Amino acid sequence: MKPAIVCFGEVLLRLSSPGKELLLQSPRFDAHIGGAEANVAVSLHKFGHRTRVVSALPDSTLGRACADELRRHGVDTDSIHFGDGRMGMYFLTHGAGHRPAEVLYDRANSSFAIAPPATYDWASLLADARWLHVSGITPAVSAATAEAASQAMQAARKANVQISFDCNFRARLWGSRSPEAPRLLTRLCEQADVIFGDDRDIAFMLGFKASAADARREAADVAFKTFKHLRYIVCTERARHSVDVQQLTGLLFDSKNAYTSRSYPLHSIVDRIGGGDAFAAGVLHGLLTGMTPQESIDFGAAAGCLKHSIPGDFNLLGVSDVELLLSEKGGDVRR
Amino acid sequence: MKPAIVCFGEVLLRLSSPGKELLLQSPRFDAHIGGAEANVAVSLHKFGHRTRVVSALPDSTLGRACADELRRHGVDTDSIHFGDGRMGMYFLTHGAGHRPAEVLYDRANSSFAIAPPATYDWASLLADARWLHVSGITPAVSAATAEAASQAMQAARKANVQISFDCNFRARLWGSRSPEAPRLLTRLCEQADVIFGDDRDIAFMLGFKASAADARREAADVAFKTFKHLRYIVCTERARHSVDVQQLTGLLFDSKNAYTSRSYPLHSIVDRIGGGDAFAAGVLHGLLTGMTPQESIDFGAAAGCLKHSIPGDFNLLGVSDVELLLSEKGGDVRR
Amino acid sequence: MKPAIVCFGEVLLRLSSPGKELLLQSPRFDAHIGGAEANVAVSLHKFGHRTRVVSALPDSTLGRACADELRRHGVDTDSIHFGDGRMGMYFLTHGAGHRPAEVLYDRANSSFAIAPPATYDWASLLADARWLHVSGITPAVSAATAEAASQAMQAARKANVQISFDCNFRARLWGSRSPEAPRLLTRLCEQADVIFGDDRDIAFMLGFKASAADARREAADVAFKTFKHLRYIVCTERARHSVDVQQLTGLLFDSKNAYTSRSYPLHSIVDRIGGGDAFAAGVLHGLLTGMTPQESIDFGAAAGCLKHSIPGDFNLLGVSDVELLLSEKGGDVRR
Amino acid sequence: MKPAIVCFGEVLLRLSSPGKELLLQSPRFDAHIGGAEANVAVSLHKFGHRTRVVSALPDSTLGRACADELRRHGVDTDSIHFGDGRMGMYFLTHGAGHRPAEVLYDRANSSFAIAPPATYDWASLLADARWLHVSGITPAVSAATAEAASQAMQAARKANVQISFDCNFRARLWGSRSPEAPRLLTRLCEQADVIFGDDRDIAFMLGFKASAADARREAADVAFKTFKHLRYIVCTERARHSVDVQQLTGLLFDSKNAYTSRSYPLHSIVDRIGGGDAFAAGVLHGLLTGMTPQESIDFGAAAGCLKHSIPGDFNLLGVSDVELLLSEKGGDVRR
Amino acid sequence: MKPAIVCFGEVLLRLSSPGKELLLQSPRFDAHIGGAEANVAVSLHKFGHRTRVVSALPDSTLGRACADELRRHGVDTDSIHFGDGRMGMYFLTHGAGHRPAEVLYDRANSSFAIAPPATYDWASLLADARWLHVSGITPAVSAATAEAASQAMQAARKANVQISFDCNFRARLWGSRSPEAPRLLTRLCEQADVIFGDDRDIAFMLGFKASAADARREAADVAFKTFKHLRYIVCTERARHSVDVQQLTGLLFDSKNAYTSRSYPLHSIVDRIGGGDAFAAGVLHGLLTGMTPQESIDFGAAAGCLKHSIPGDFNLLGVSDVELLLSEKGGDVRR
Amino acid sequence: MKPAIVCFGEVLLRLSSPGKELLLQSPRFDAHIGGAEANVAVSLHKFGHRTRVVSALPDSTLGRACADELRRHGVDTDSIHFGDGRMGMYFLTHGAGHRPAEVLYDRANSSFAIAPPATYDWASLLADARWLHVSGITPAVSAATAEAASQAMQAARKANVQISFDCNFRARLWGSRSPEAPRLLTRLCEQADVIFGDDRDIAFMLGFKASAADARREAADVAFKTFKHLRYIVCTERARHSVDVQQLTGLLFDSKNAYTSRSYPLHSIVDRIGGGDAFAAGVLHGLLTGMTPQESIDFGAAAGCLKHSIPGDFNLLGVSDVELLLSEKGGDVRR
């Protein structure tokens, strides 16, 4: 059996109003399963990897049904803990034209938030793993999840499992715990081999101030100085003409060089959520399969671009779909 | 302007799986607004009364949309407080055949639960009122709502506003506050002119034990002895052959007599939720419009029966619909 | 080519709320095409006959789309006149449990109502016909349609085309024209070989009063005396336990004998509308194919029963489906 | 209580085929409530104003349900008269690509059309009002509504209630009454403080002919000369590249100056209907809250632009949503 | 890890018309995954067992998506072979009232049908198994699947894996291969420890003719004589009042005794398909967990009854749901 | 009666996932009827022609329902043969953004594929015809359909019925019969008056190799030399910026001149399938109604462009819709 990619984070139920409607314009919600780390796990499975989500969900018909939906997409869900607490959720109103999308989080006191760090036996959970992925949302959820994330990374480091961390800063989630955020995020970045984040993330954590010239390169330099395990720092640049018309580019820095992907115009966006996770999964796929840094950022940017065409949080496309876009032949109708 | 009926309780977002499906069998939820007191308020409005819901909801697009949906059905929502906290919800799986329905509450830490009693200025909220209705769910939600319910009733009593209380005991909602439940429920029953409840409710509150013979009459006698303002105690009897085939009868007791309605066979039930609230609203309509006790319990039972034919928590039918059923002429197709 | 069955009447757009919902409970209507005569035409086509609907519809994308939907079910729509006026419609709320269905007609000033009698060249429309079917709704729509129906029947009689008339009395449609109704209906019955109607219809037209004993037979005797072309008078008996639980029996009278079908219990009714038209089509199929009176009423009753299992106004089942029910073997799953 | 904005006009049921389908491509219609004045009322309520719709609807389950849907969005519907007549409707086929949208009106003989002017007691309806809004659709509906509109304006003028009038010329609605249109529209414009209309409207009413140079300014000058109460004349300029790709600009003229808003590109239009009403409501909000003319036209154009992103006739967004767009920071996902 | 239950059979895509509609009445199909052996595997997983489906599916986005849907419900799908051929399907029209359901198979030349027996390495597939389940549909699909089923059973017998066989005779599937059916089915029954089948199945295979008295017991005696490994023969009795109103009883025979379950009335059937597979899974669960024969047939009949309340082919309920029904307390709403 | 246009080809059931979803993302398929020749027949009927589809379908409720759906759109379906075999289908995943659409054919062993050439009596089928249209898909389906197409063309030629052939090359359909494709296609082109095809089609059939300069003209010259009945060769040029943003131009060659249509930008494509058939129908309409070559290619290109705005395979728009686009006035909302 291939070594596993382990993703630690909350699995969320997303409730969105149909089409371009506002909340409750019609009396119905579309339901999807998501969560930054689950999104990465699903996408990596579709790219051919064995992936496991470590999380906690309520022991109810709802919690079980959400785990089922995740298992459907090939992720190993046997390590999900079913316990007390509620289902973490968010309500999504899709954006359109000049009206931005809106996300309303409703995840306080979720099973994941209240599960004590001892819920997870990391030595065992990582025994067959080659990679651990965590995002900055996990420490934002609660003190317990912040501690659990830190323990996971320490166990991974000890077990020679490589680590990626996606900063994914969400001020609203940290709430009153915001003052702690820089310290807790830094603690996790210190363990990471790969960081997804840009100059604003580095600035937030380390108090760094960029000169006008090339903020991203400068931030990368600071990061490489501060985080001793760091090999790559990766981010996207999103140019936004309107809610519906955007442009996406991927950037990857190692300690010396910067690699930039092709820029993809995004119009008629089907689903904006999960684009960053699809991008991260794409870059990780490149690194995991021995692609060069340039190939990795190219693969990641194409994957992130394609995600915008798929309803829901997950990128359900495979390597051949990404390669078709990379080939620049594109497609129209495949028969 | 007619004097108002004031209903104090939580407004809930109900998310149900479509048709007879289990949760997430298809990736969609049907959305309805409900809550015991809101249900009574809507039904009384449809019967021609001016009704007001006093409650608290989150100050978000979601909370506002839920209040809009309530306003749509004619209820005055101007006294709803928009503040912190989350939207109270429940997940519903409809029953079918021999499979019971399932309700999963997700209402902890809702805006209603955390609103301090001082949120509500009862003197002003009741100034134009003739009736106050509260259910036993309100004190179950939190210590704050229990206190607010008590203050509401005291203010009503002072203002000569009549009071009805629907025991509606839900063990799961009380949770760790269960030991307090009998005392808190008794405190509210002591103020009530009309109580909806049966011998099990009286037994739970007062420790009463029925002899085999006629538990409901005995319980009523105990209640009339204990609760000095009580004029009527009202309940239903639900004979259940299966989840889908039931029989519904209404009973009303005053201090001397018992009044029993016709028994309605219920088959092909469209929506089981809210039947008790529709029944309560029907009985209250009778009492508010000067019907005799027999007429009131007849109207209530017919209203409760009809509710089972309507999707959602609300009974949206009017007086003429209830009267058509009472006329025993019934109907087939009205053209 | 087989000689045609010509049906003259209004083609309606039916807008119904989904499932068991009340109007606008969710912001959507299900759309079906119907109309008493169109229903008969579709059912007879499914039984293997060549059928033509003569009618008038608005010359708009909507009117054309409604005609398309009728053509889909095999009816010849080439004789439909497209002209001024609006689309005739009705709004349907399905019944459930003890709540009756509701039909709201919105057909005043429809293209059919305002089309002058000269719109229809009956000599040509009936040139290849063997049967003309009209219902009592047609003369109720407007003075113009009443005149057109009368002209159609005279032309049919002249051309040796047999005639059936379904009384189908609808007080609301006649409105202020009610006083004329008995005379106009009688004028049509006088031409008919087959009348669908019961003692109430005969009483309404002819002022007849039944003794207690056997009103239907008595009414039939009066009809046979009054209407010189009459061969059969046919009706159903619908016993109603609730909106959802009914029992259906067919009765056919010739001048001497009465023929009664098996009684079908109707529960879990899918769609109540069009049952009478399906029954009429079934009886006509029997008469058209040389069945005995007993076989004809049996076929009609089974067809009427089966219609209740099909969404929409049309009975879309064929002869073999009816025969399966008649065989009393019934079925469960046909694989 | 804040003084009210009173809007007088027809409330319509809109039936549209789902998504981009043609009529009846699938057997379903999406239902929305609309109507030029109702649209303005809803939008002004969302902007924080107290609004009332004065209208007439059928006294049926359908008419009541339509009023409920309007009340849902915060408008005071207590002054709607329920009486005879039918529900005014329109059928909408959404446009797409190079295929224009299609509106089929079906509003002849509606309750609104046939309600006599005496239905409305304007002294009482305007007693707590600060503003009256009417559109040119109202006089087009029938002679009775034209008269009622005129009486409403006279009463408003007498009561010192300000008046806005949106020309909204629809040739098809006027039908055979077209020759009267210029006179009737002029009669209403004479009372107005604010007119929404462009040079084509002025030309139609007053027979004015623009020189090539600046038709809109010239028309405004003519209007200011003709209409003695007029303070502002306001219109939009819609550049259309295809059905789906357009550009929207707002223009406001006072007797001396012209004010032009930013131009908004409109692509991926979600719903084209109601854009003009949302624009009008935005401008009125500016004028009602003491904004400068420039600020008012800016607010109106942004509101009109945003409406194109919302399904249905109503602009359901609030002041903060418009301000976000005006801030030019725009948005992508609001979390 | 618990030893596995291995189920060998075709995984089918089921396309059903929505609700009670006929095929294409509205332009949509509901999609479910099913297949006799897959149904048993899913149900046994829900009862707490580790289950594996061995099958063959097309190597296409469709085949993969169908396998995903199966994996969602907890079944191990890693042994499904993805290869040439098409997706096996069936079209389902739900029955209603007196109209039977209709199944149209479209499974010829499916990937499963054309996969050569050597596709499956039974020694390895059964290495961790304790039970093998196959139905009579598998040998009906093609000569190749008949041979593969036989090889599977031989391998199981060799590996001391117990075997159940569900006769499930479908004449239409055998088609021109019908003459071979008795021989091929007998070959499989000879290996079975448990047979699901009744006297008609035994008669079909062995030419046995029952005397009037007790055909099922007689057939069981013949089966016990003929099939040397047989421990239990199990069947249901389905009394059918109409398509919608039925009664279900389970019967289990060992070589000496007969065990009969409670009889369950079935009304308002939600989904008729998969009832037999749910029953089989229930009985197997009893036998696998050491229940007595009486307890096993009771559990099976309750499971089979409950399946009729669930949309789709799968019984998704768990042990506690079945036990609630068995407790005869039943339920109404579980909160 | 007008002479008929006869179209010979397979009628397919198309199953597509809703909106922009991938297959089975939600458990539902949208159903449409299509097929290259049926698409042309429907479009020509909407342009006012009498059209007939000659084909073969399964004699089942499904096959009948598919024919009904075709008849709905005005095509004469009386010549469709109902027999053995299965329903030809394809599964469609709509494309979006940078993700191409995907078509999965599932049409092997369809009723059309297995119907022997003698199924069709061409002398009779073409007796009232003026035009025969066949596409290159028909010979690709099976040897039997290739032979039938050839016989149809010979019969047409003999009966002075004009012939159009749309090359429509699909490698996957030809499968193992690919080596025969050039010969079989050539045999059909030899009979054609009008060929829809470009230089790649000519190259595939005739082995022609274009010089760099003007491949399409060169190919046309070769075609005119080879195919003695050829009057016009017609094709489109599709420039593709992404899956969602394209540009469409029509080209028509006679033996001397080339005619080029306006170029239409295609964005927000609603449905990509059937665009080529709508184009062909448009060009044929021009030729059939005596338009000049320039007018014909203009009409065809506008028709093809408009098809992209309509869900399903069929172009359901009429002549006036095409003329509105050709007028370059376009439209926004037609009221």
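Going by the order they are written in, the chains are A, B, C, D, E and F; count residues from 1 in each one.
In this text, a contact is a pair of C-beta atoms (placed from the backbone, for glycine too) under 8 Å apart; a residue touches a chain by one contact, two chains touch by 3 or more.
All figures in this text were calculated on a predicted structure; none of them were measured in a lab.
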Enumerate, in label order, the chains that touch subunit A and subunit E alike.
B, C, D, F
Touching both subunit D and subunit F (chains)
A, B, C, E
Tell me the angle, as a multiple of 5 degrees, of the rotation that maps subunit B onto subunit E over the C-alpha atoms.
120
Outermost chain relative to subunit A, judged by CA means, is C
Farthest chain relative to subunit B (centres taken as mean CA coordinates):
F
Test of understanding: which option in C-D, D-F or B-D shares over half of the contact pairs of A-E, residue numbers taken as the match?
B-D
Whole-Å gap separating subunit C and subunit F, where each centre is the average of the chain's CA atoms:
41
From the mean C-alpha coordinate of subunit A to that of subunit C, what's the distance rounded to whole Å?
62
In whole angstrom, the CA-centroid distance of subunit B from subunit C equals 45
Subunit B touches at least 2 other chains through residues 19, 22, 25, 27-28, 68-69, 102, 267-268
Write out the stretch or stretches of subunit C touching subunit F in their complex.
68-69, 71-74
Touching residues (chain side subunit E, partner subunit C) in the complex
19-22, 25, 95-103, 105, 170, 172, 238, 240, 242-246, 267-268, 272-273
In the complex, subunit F residues that touch subunit D:
19, 264-270, 305-306, 308-312, 316-317, 321, 324-325, 330-335
Enumerate the contact residues on subunit D facing subunit E in the complex.
25-28
Given the complex with subunit F, which residues does subunit E contribute to the contact?
15, 22-24, 27-32, 60-62, 65-66, 68-69, 86-87, 91, 93, 102, 104, 106, 108-109
